[in-house]
């Protein structure tokens, strides 16, 4: 790659999503890291906030402003929800700003339905951008050359990929999907909240956002409904488990009468045969989040419970990697016409 | 309690279940601990195997034999499945042996259906004993004065208690129950297996026994089917999560048309209003396994997801306490006519 | 115990220390729990803050004031340092207030040297109270009938008990003591700080307060210097490890020339032979924090490294139990003339 | 790098060390992975044993034999101690075998003193190879072009690097070094032992190999004694902490009279100014193992405790990466004349 380095900025560099984008960009051969910004942490060296990013230790966090973010080829936004639109709008208004690739790691531009947005987020809808899940049918083409991309939520990424082949193939009842997804704590971000203290989460599992109220619910529904045009119903329960990273989603669905185990497996094999990051495990081997730690891989397994009449698909991702920062880099690669896997790996850090 | 101390023996005292029974018995005011036995560990001091049981540190583990177990008022069996029947039979054949209270912490006598036993355990059915879940309708009376008791499995305890009120009240469809239960590692016992190494489980979540093949599946089905006589269907997926103790069961079910949130909650309030160990949390507060650690408490919460058309009930127990050893002591109390809560607590060890 | 129940109040009931005092008091046969107070959490039900304390779930936290704390036989203070003196003074000024037993779980009254206090805490010295470590020579007698007691810090408890027999026996050089103590996160309290987030502490070990600047340093020095009157030097390094509870202190010291392993062991055996909660493990067995979880036990082991010329003593405690709340209850028992072990256990919750 | 790919074999590919070597080699631009071998696991696909190594999932583990290992440019040995010599000897005896680079991740060739080997390992000494710690003075030159390399132990790596500058500069007393090093469980390997079960290690810290009996003790002594020729004394205590990876070593030493904090810091700055992987943190910032997870970085900090008269140096490494597999790859690069950092990163995976 003897091209001119791609100059990237990361807004929200002190948080977990921004830190992960930077971690991956440090291993990306085609980019150079420009502005790294924050809000309350502006003025601090990155080494004090993200000590694992040794090569950036002496970089000082700048205040997040349009001026600071301007002049980059790619801008990653890793901001609290509701804040992306104004930066996106202001960047677009700059000379040549429409050509800047803006990749939003937050939720602002994921939902296409303003009513769903307002119901779950309680604020005006900012709009919707191309959805950064290239493994969805037809979506890779949408992302190639895109200049605005909404990175999917972590739960929707794995839940969608675990259920999509079955829904698309019409082998499960779309109105009876149940997802229980266990997540490490980094999904809740770096804000200090009592229930996220180590003392509280270690040795404990809990459910939260139960009953369809978690904000990732409409995103899962949107993704799966989009496959066939038929509105799906999803019961989604997130669990907080004592680990820093990783999501394991257990997804079950009533199978359509007459569907057998081979047909189920075949649907998954076909859907992901050519995907570089989605890995259907050999029969009988079930995903662990450890195997995908730090990687862009999605591990999947599926089986049929004949007695219960349900299919069970289990998927594992690293919520910060393929679930956020890795997806963001994958989308950048597609947007810029780079090989999709550049700077990414399917190899996890285990044990 | 100025009665003569109750003399108890614990077979399988070096394992997690046996250790928990002993831990609780050490705090029980009416018992004295007689024989403690093991197999491969016989001859070792208990202090080397269960260092937390300080008052028993110098007790030497005896070989598990009928002779050693004889002469106690209560015998707890915490043995690998398939081994309980011969001790139970031999104890019964002793003079006065029918009066000995035998409490089996294993699976051998839980299932009433020989076919289900053989399908899931692959060995001849030993029979069935009174099932040690006093919180099931009518079951407390069965256990009072019983001389043989089968302690429920850990997953079935919490899954059953989380779903029973809804099933019994007929407010959910019995053929569409989905349970995803996240368990700490002690549920898998103390046998050294590579996938249970700390290096493997810390930082990782995985599913196992997926697709209805876990041996606790028929026990959950039996419990819930017994409530109404109508055969239920349960999709049961256990998860292994990085903590030593605790189970959080997320249980969902299609609600019968027209059932509202108040009706759901009322069913749970009514079912458990007088239960000393089952605690329906205030609305909006969801269970954590940490809050029940080391205790005999079951924490429950329930809600209705109108959009998905499903009820979600979440329950937390300590798999070793209320899930095994605590239930065993609770059953002993009932069998002997002691106050049911003797030697037990609803107070967990947190954080 | 057919005496009138002892009426206790707990100030700071929403924190970890206050919660542990309450957990233990709920199992204490001679007390009844009166006022439970907080500051920013006043008005909330305790069940929302300490969900493991089921019997107190509906108790509403009152504002911490002298009026609320008045009228109890025993008042436990579990407050941020610097706040205890004013409550203690005001309680003393009440009619009969000198007879109230006031037990401070905080640091305010631990140090006898005002200069040391001011150097480490940066505020005026409030004074010193009888030090609540009955296992120190002669200290049990000081605590019997005391009306003001300062509960030791968690690190000083285990570090002192692990080194005291050797220092007192003069078999180690007092100016070359090195303590590295690994603590669970609850020792840092419940205040939300970014470095205490589960995402940060899980999977990570770190040192903090390095170089003698941790506030528990002068307390360890005071305890050990008090044994012989000779000023000791202690290099103390605390580590934060990924678990909620427990401290393991590794304590080494140059042995005096000519001292052998038997002499070292004999010093420990003699020192703790009659202590109900200090347990010198059999030779070759080393302490684990798991074995003391939730208990008032201290597990110790000691050996001599002839090649390095140093003794190594390792001690384990539960920082919240024997390290704080358990010690507080033990001290209350002594103050009131109750059997010292009442309401306490040496049995841990494992695994 | 347009050279012919370097063909490597990994013996012991199912263990943690072998897995880590493979993980890193998968990201190394100049190598191609040849034979991967095991013993009891031979015949199994690597995907079943190391599911995180997705690109090698279908590789079948071959039996470890000289024939299988022959014909590679580099052979990594990740075998139980005592097994490396025979493979090394047999490879050397092959035609051209002296040119094969053999890198032993085990202990067999680390110690130069046969007596020390025999005392700690209880078997005949196999000899010693160039020691793979290029950060030691003069050692990088030894490793350039070497054909046999002994990878350092994990504890010795971080303990040596944390103490070497002070010992070499003569600012600490060499006969009073104290190391307490907290390690994640992967350091104990993948063999199933009861005390390494997740149930045992989670929520617990313990010391082991106390009193100078751990096998890494003589290696630390050898490294530090080699700096000045004066025999050092080291009190070394390893701790097992609840995390999969990482070591934090807390190293203290009596400072020579008159040495000040600036002098101490200057020694460390000078020693590591040009080291690509050793990172002396800014003053006041202390290492965490999380920041080095998965990386080849060593994070260090040092301070002076004037009251105790001791220097405290704290170092963090990933025991499997810089502590084993990363060092092995770093040594391979040196041996082959590649840039030393090829395929390695100083960026950790956090949180």
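In this document, chain identifiers A, B, C and D correspond to the written order of the chains, with residue numbering beginning at 1 in each.
Following the convention adopted for this analysis, a residue touches a chain if its C-beta (ideal position, glycine included) is under 8 Å from a C-beta of that chain, and two chains touch if they have at least 3 such contacts.
Source: prediction; values computed, not measured.
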From the options A-C, C-D or B-D, the pair that copies A-B, where over half of the contact pairs coincide: C-D
Quick one: compare the interface residues of subunit B with those of subunit C and tell me same or different, with half as the dividing line. same
Fit subunit A onto subunit C over the CA trace and report the rotation angle, somewhere between 0 and 180 degrees, nearest 5. 180
Chain-centre distance (mean CA atoms) for subunit A and subunit C, in whole Å, is 45
Could you grab the centroid distance between subunit A and subunit D? Build each centroid from C-alpha atoms only and quote it in angstrom. 35
Centroid of subunit C to centroid of subunit D, CA atoms only: how many Å? 38
Residue numbers of subunit A (touch at least two other chains): 16, 186, 197, 199-200, 202-203, 242-245, 288, 290-291, 293, 351
Please give the residue numbers of subunit B that touch subunit C in the complex, ascending. 16, 19, 23, 26-27, 45, 47-48, 50-55, 57, 186, 202-203, 244-245, 279, 281-282, 285, 288, 290-295, 297, 299, 345-351
How about subunit B: which of its residues touch subunit A in the complex? 175-176, 178, 180, 182, 197, 199-200, 202-208, 210-212, 217, 233-237, 239, 241-246, 248, 250, 252, 254, 286-290, 293, 301, 303-310, 312, 314, 316, 351
For the complex, which residues does subunit A have touching subunit C? 16, 184-186, 188, 190, 192-194, 196-203, 242-244
